[in-house]
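Each structure below is given as structure tokens.
In the two complexes that follow, subunit A is the common piece, with subunit B as its partner first and subunit C second.
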Partner chain A sequence: MFITVNGEAVSLREELSLKELVAFLHLEQPDYVTLLLNDRLVYPSEHGTTIVKDGDTVEYLYYMGGGQP
Partner chain B sequence: MSLFLKREDFAAITAYARKEAPLEACGLLGGEKRDRDAIVRQVIFLQNTDRSAEHFSMDPREQFAAVREFRSHGWQMLGNFHSHPATPARPSEEDKRLAFDPSLRYLILSLQAEQPVLRAFCIEAGKVSEEEILITEKSVLS
Partner chain C sequence: MSGERIAEAAGRIRLSNEQLDRYSRHIILKEVGGSGQKKILAARVLIIGAGGLGAPAAMYLAAAGVGQIGLVDYDTVDLSNLQRQIIHQTQDVGKPKILSAQETIYAMNPDVKVNTYREMINAGNIRDIILDGDYDFIIDGTDNFPAKFLINDACVMLKKPFSHAGIIRFQGQTMTWLPGQGPCYRCVFREMPPKDAVPTCRQAGVLGVMGGILGTIQATEALKYILGVGQLLNGFLLTFDAKTMAFRKVRITRREDCEICGEHPAITELRDYEQPACDILRQKVERFRGGAE
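After this line comes the complex of A and B, so read on.
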């Protein structure tokens, strides 16, 4: 199956949860990754139960922020 | 390895940061990579959701919208910027800890002195290296 991740086609052998997809993509610091599935913002509490299916579009980005310690 | 930034974009970043001061201001840079250089084509200003003079956070929805805007032009996100209204243009420990993407440039604009100071950094696993910023006239980048 094929999905689109940040505008690029990605081939998967089977459906994955978003949490599994983050691991598959080797994204570091997954707690700081924000995910959009088919234009819907998916909250971290749903990452383990939200399944990515053939043809889905996933967007991700890292939290961006900073400040004085 | 250099980052090319149009003079008008530098002026716009400075104006936005001054308008937001004493709060920190932030935004995203989109454009093209050529070899190891980055050419900024568009700057998008975002809200600092922390509304703080010492911290900033970007709204993920605004981030996604900005990335889509860049992509619609065939560009990519090159990095971000934030301002330090009253401190030097160098990454704080918190800035380093929260710099998760080593492919991005992290720009900091200091308004501490009368003349603004803009510096660019690559940050990987907390290790910081500075990158040259070349302020250019528009025609140079066509």
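After this line comes the complex of A and C, so read on.
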């Protein structure tokens, strides 16, 4: 199956939970990544139970401060 | 509404010959014209943080002729700021940032009035600062999450459009919130990150130009809002990676259960959040001075 992660196609052998997907992708700071599934925020408490299906779109985002000082 | 206030105030402005010359490259744009330039001259923009993001945003908005620019910052200019905060000069080191920025703006464009607030924003003063100048648009140029969440919450409560941006290392992100439209910052980044989870530029470093790129996009959003031109970044988080030169517009949606802009907001009054503490910088500087890096 294929999903889209941050705009790029990713091939998966099987359906994964979002938590498993974060591990599969070796994302930095997995505990602090913000995940959107099909444009909608998924709460961290639901990462383990939310399953990514064929054709889904996942975005991972990080907090960014910056600016000053 | 801000749009009505701007249009009404713009109607009282007559462009001088000097202004027709100064803003000629705006005025020949069919999306701007003389009427659009008058809107810019009538507009009021508040920039919170006169640093990496706020400096370029302030300079471009001043050059564009934004009539009133409010600057909020408590800090003084530090030598380490000058790598990216181009509104300040070497001789300004030690001077309050708002005064240094004000001098640069006044030297650039006498049409602009700069309102200065040498304060750190908090739950007790942000409402007064925003309402003091009856600002039409707010730019978040802060570096810390207590301030970013506070600006979001205050702007949603006061129904003031604002631009968020963040930068770190070679990356940046920005989004715009408009009253009654699209998601707010909390719809995406629901809660403050835990202490030490996210380093700031001071701790992790930032390529100097990142503030220029993202801060200029924030200024662009302010000008588009003032002019009523184009599509703003409401409903999108624009991300930028300087290493790959990739811009991405990530679609984001409003959460009905959002704590501040949702159907039944849990946050009904502003409050201060704890500043995240992190000693990554101190450790790095000590390692460097010790010859470890």
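Keep in mind that, in the parts below, the second predicted complex is superposed on the first by the 65 of 69 C-alpha atoms of A that agree within 3 Å, B and C clash if a C-alpha of one lies under 4 Å from a C-alpha of the other, contacts with A are read in each partner's own complex, and residues count from 1 in each chain.
One rule holds for everything that comes next: contacts are C-beta pairs under 8 Å (C-beta built on N, C-alpha and C of every residue); 3 or more make two chains touch, one makes a residue touch a chain.
Predicted model, so just to flag it, every value in this text is computed and none were measured.
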Using the superposition on chain A described above, determine whether A:Glu28 touches subunit B (first), subunit C (second), both, or neither.
first
Touching A:Tyr43, do we find subunit B (first), subunit C (second), both, or neither?
second
Thinking of the overlay built on chain A, is A:Phe2 touched by subunit B (first), by subunit C (second), by both, or by neither?
neither
Where subunit B and subunit C land on the same part of subunit A: residues 6-7, 29, 32, 34, 36, 41, 59, 61-69
Listed in rising order, the residues of subunit C that touch subunit A in the complex are 49-54, 73, 75, 78, 81, 140-145, 148, 165-168, 171-173, 187-190, 193-194, 197-202, 206, 210-211, 214-215, 237, 239, 248, 250-253, 255
Note which residues of subunit A are touching subunit C in the complex, please.
6-7, 29, 31-32, 34, 36, 39-41, 43, 59, 61-69
Touching residues on subunit A, where the partner in the complex is subunit B
6-7, 28-29, 32, 34, 36, 41, 59, 61-69
Subunit A partner, complex, touching residues on subunit B are 24, 26, 50, 52, 54-58, 60-61, 63-64, 67, 71, 80, 82, 87, 91-95, 98-101
